[in-house]
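Shared between the two complexes below is chain A, which has chain B as its partner in the first and chain C in the second.
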Partner chain A sequence: MINALLVPGLSMAALAAVLAVIILIAERYLLDYGEVDLTINDEKKFRVKGGNTVLSTLKDQHIFIPSACGGRATCAYCKVKAVSGFGDILPTETPLLTEEEIVDGIRLSCQIKIKNDVAIEIPEELFYIKEFRARAAKIIDLTYDIKWFHLELIEPDTIEFKAGQYIQFQTPEYGNQSESVYRAYSMCNVPSAKNRIELMVRLVPEGICTTYLFEYMKESDEVTFTGPFGEFYLRDSGRPMICVAGGTGMAPIRSILRTMPREEIEKRRPVFFFGARSRRDLFMLDEWREFERENPGFTFIPALSRPDQEDEWEGETGRITEVLTRHVDEDSDAEAYLCGSPGMLDACLSVLTQKGLPEDRIYYDKFE
Partner chain B sequence: MEGTDVFVIFFASIFTNNILLSLFLGMCSYLSVSRELKTSWGLGLAVIFVMTCTSVVNYLVYYHLLVPLGLEYLRFIAFIIVIAAFVQLVEMVIDRVSSRLYSSLGIFLPLITVNCAILGASLFMVIRKYDFFQSLAFGLGSGIGWALAIMALAGLRSKMKRRSKVIPALEGPGVVLIITGIIALGFIGFSGLVQIG
Partner chain C sequence: MTNSNDRDSRHTGDPRIAEIEQELRLGNYLKDDDRPLARVLEEDADAVSRLNMDLDEITSRMKRFYDLGRAGLGDPVVTDDDFEITVREDRGIIPSPWRDHYAAPKAIIEVTNLKNGKTLKFSMLGWHLIRAHGFFQGKGSPFRIEPRELHDFFEET
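== the complex of A and B ==
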């Protein structure tokens, strides 16, 4: 009886063991690329273990390339310039790179592997991106589905960022969620407060990260994020400014406007169009009115697309694009800063270009 | 199957008893990785390698391990373990040799493990009682036959992409299945040449 179980069990185990040994030996010889040199921007040299993707190798060296999809080749945030040592472009990359990028040698760092000595170029500011530990200091309700999170930095205890940039928040494992995910949120506070960041987040139904932030994270909990990232910041052109935001898109605009010195605001006369559905979706009205009083030259125009009867709304109504059409002059020499959902942004972009604003004077941050 | 000439088995498994076109085994990767000739060639080579090696190794495992111990009923598990191991090996080799091929095969590379044509070849070897060299010929021939079929299809598909108008509802796998049927009919024309099984 025992034999009847022992013989098949042992023989299968022996077969599996022999094959496992063969695979291990092959792995030892085939997948071991040894130590190779990774040169970044012609100046920094790292001795790294070969065989991994550029993205993960850089992460091990504490250099954080933005990435939202976790290496699945869908978000296309992790582009780097491959200078030497990489093979041909891969089929997984082609759909996400433009022809010019391909000519310039831009690649997706999550797809290309380091197998020999290689050289890459990355934007200088990526060296300043760090991983931060922080404590949730204060959580404030802004509307029924938007909260304002104050995070106090623990390690490192200061952050340098440009107003308008964002961080990637890392959710820990919680509830049934066994996988840690990254989500991008813009800072809404001014960079001069170096020891903390503030985020505005709207609850996404069944969103992994927002569910954590809204239902699981309590004040004084410890959290992790990397940053700062992003090309959405104030350009020093001296031009008049048109700012447009919807919902939590207010965050980077708030950071940008509150960072500008008084004289600059007086000179550049920013107008901030803020779109919401009804009165209950509006927030920080008092703060912006106060800001208007303190800073001559600044105008705040909130607009409701579907005001309720009981809202008794006397301000602008209609979609944000209609409000823009009414207020923005033809061929104005302004530059525009847009932030919000892709749908809203695309609509605003077409209104502004129709008004004669060239596309290179429109900066935007799409919240996807 | 004593007495059947090794070369007969080899040619029959390529043309008249093509494992894909006569038995429709190994369809999933055949349908999905046949858009480009280059990729199909790569996958075809990988299948040839895995099929040849696993037929031989599975022959040894079956007749020198399972039969003496009276464990023939475990052949499915044993064969799959061997196939899985060889696919791992192939994966490592391709990763080392060609990142481009590795990335274009994507998930279909590890999925060779569950490519029914490969397990099928090993099982036919047992059912038809092939000896060692016949198994080798059959494995190699079936692999080549499979690669031939997928490359024929890839060639047609890359031509069709440029020239043919396909009814939208039939685009992709639909029209591919129809084409496969026609190629299979064509291959029946070879059946006068040699015959096994």
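== the complex of A and C ==
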């Protein structure tokens, strides 16, 4: 019967695709949910247009939930607690939610739609995340594949963040790239410079965002980002500090160390291990040596894993994990701040925990 | 386990194929390849079949290269069976354009067979797209791997 209704040559798959499109169009243009109430944390109430996802509705209210995949139910950054008014868990959500999260009412805000009065809970700090417009004020080469971007804020013209946090940079459409994407980068400057942020970015081969930053964005261009995000910041514990970074992982460590008062550095005696492959991958050496002179108690230990002969390197050699093994005492009462590639983080975590550092005294942000 | 023929029939008959193709074009995964996605999949699946490739076996060996190479923290690692592997990793994830809820690590793996000098370069997203969907990416895409290239690399190992 159904086959008799089909246009010759149109397969069931194609029919299903057509029906899916019709449903989407109908939902978008024919279903009108009118205005509904969105209550957040039992205290803030917004009158919003129904029919859109929680993620996009919150964005319209200038509340920015972290999201790196553009609403594709992939990154799982955009979790919120659904208190009331939502239907069952969707098939697109289940792969990204644990059983405990499902029991607790956690949902992906990019997937669930507001069709009637609803209530959600989100972490309080998300209210402080904003969308910023900024201007590329200065672009400096740090190495052959790392640049230092200075962005001056336009609107809003100031930002509040904790040293160690990150923003999500929005890449506009450019060249053949017709998709706008978000990528996370940590601030490397101190938060007291409220009218700007500075980022260190390494070129990723064929990377959508870094290709834009390295090859298309010019000084004075206007850009957009949201933030600040992240739980990677200095803990006020008074403990000695072990900082470990590789490449652009230097960014949040620089922000943290340069924010610390001189007396605190003297007291907590931070040691900064910075790993690179060869001399050409090292940068800001002079700045760190100067920082070392100005701040008794601070030690900078750059290490090269494969120095070239012409580097004439006399400093530490070996992978950063080997250097840590040599320098970190057993059962140290320090806490550690790590920033680098996921592989580096995993390897350093392993070394530090073997040295007796409990995991809850090791801080890092994997951007995963 | 999924064999290459299952992958092909599943995805060319996927009602979301048009939506996925649009996503792949937006993300430059088809680059300048004008062929419809279904045809790209079919032609590569035919090549896999002709070459009698076991994609499950091949992709598990690719994953092993990634796992072993990570230990180098960016430096080359030489394995007992004479492969030199360099894994370049960056912070963050890349969402799969297939809308399959997979987020790939930002990693590029370069492998050299030290016995014959043959090389293979792939991204972990590319690995996932081959493993899960039999999608080798469009002609001209920076991370496309020709099935023949993959076959030849593993044939001589």
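We take it that the second predicted complex is superposed on the first by the 336 of 368 C-alpha atoms of A that agree within 3 Å, B and C clash if a C-alpha of one lies under 4 Å from a C-alpha of the other, contacts with A are read in each partner's own complex, and residues count from 1 in each chain.
The working rule: contacts are C-beta pairs under 8 Å (C-beta built on N, C-alpha and C of every residue); 3 or more make two chains touch, one makes a residue touch a chain.
It should be emphasised that the depicted structure is a prediction, and the values quoted were computed from it without experimental measurement.
*Asks:* Just checking: does A:Thr92 make contact with chain B only, chain C only, both, or neither of them? Give me first, second, both or neither.
*Replies:* So A:Thr92 meets both chain B and chain C here.
*Asks:* Figure out whether A:Ser192 sits in contact with chain B (first) or chain C (second), or with both, or with neither.
*Replies:* A:Ser192: touches no partner chain.
*Asks:* Touch check for A:Gln309: first (chain B), second (chain C), both, or neither?
*Replies:* neither
*Asks:* Applying the document's definition of touching, compare chain B and chain C: which contacts more of chain A?
*Replies:* On the superposition, C touches more of the residues of chain A.
*Asks:* If we overlay the two complexes on their shared chain A, which of chain B and chain C does A:Gln111 touch? Say first, second, both or neither.
*Replies:* A:Gln111: touches chain B, not chain C.
*Asks:* Does any part of chain A touch chain B in one structure and chain C in the other, and if so which residues?
*Replies:* Residues 11, 16, 20, 92 of chain A touch both chain B and chain C.
*Asks:* Hey, which residues of chain C end up touching chain A in the complex?
*Replies:* By the definition above, chain C touches chain A via 13-19, 26-28, 70-75, 87-93, 95-96, 99, 101-103, 105-106, 108, 142-143.
*Asks:* Which bits of chain A are touching chain B when the two form their complex?
*Replies:* It comes out as residues 7-8, 11-12, 15-16, 19-20, 22-23, 26-27, 30-31, 87-88, 90-92, 111-113, 115.
*Asks:* Hey, which residues of chain A end up touching chain C in the complex?
*Replies:* 11, 13-14, 16-17, 20, 68-70, 72-76, 92, 95-96, 176-179, 183-184, 202, 204-208, 246, 248-249, 275, 277, 305-306, 319-321, 340-344, 346-347, 366-368
*Asks:* Would you tell me which residues of chain B are touching chain A in their complex?
*Replies:* By the definition above, chain B touches chain A via 39, 61, 65-66, 69, 71, 74, 77-78, 81-82, 85, 88-89, 92-93, 95-96, 98-100, 103-104, 106.
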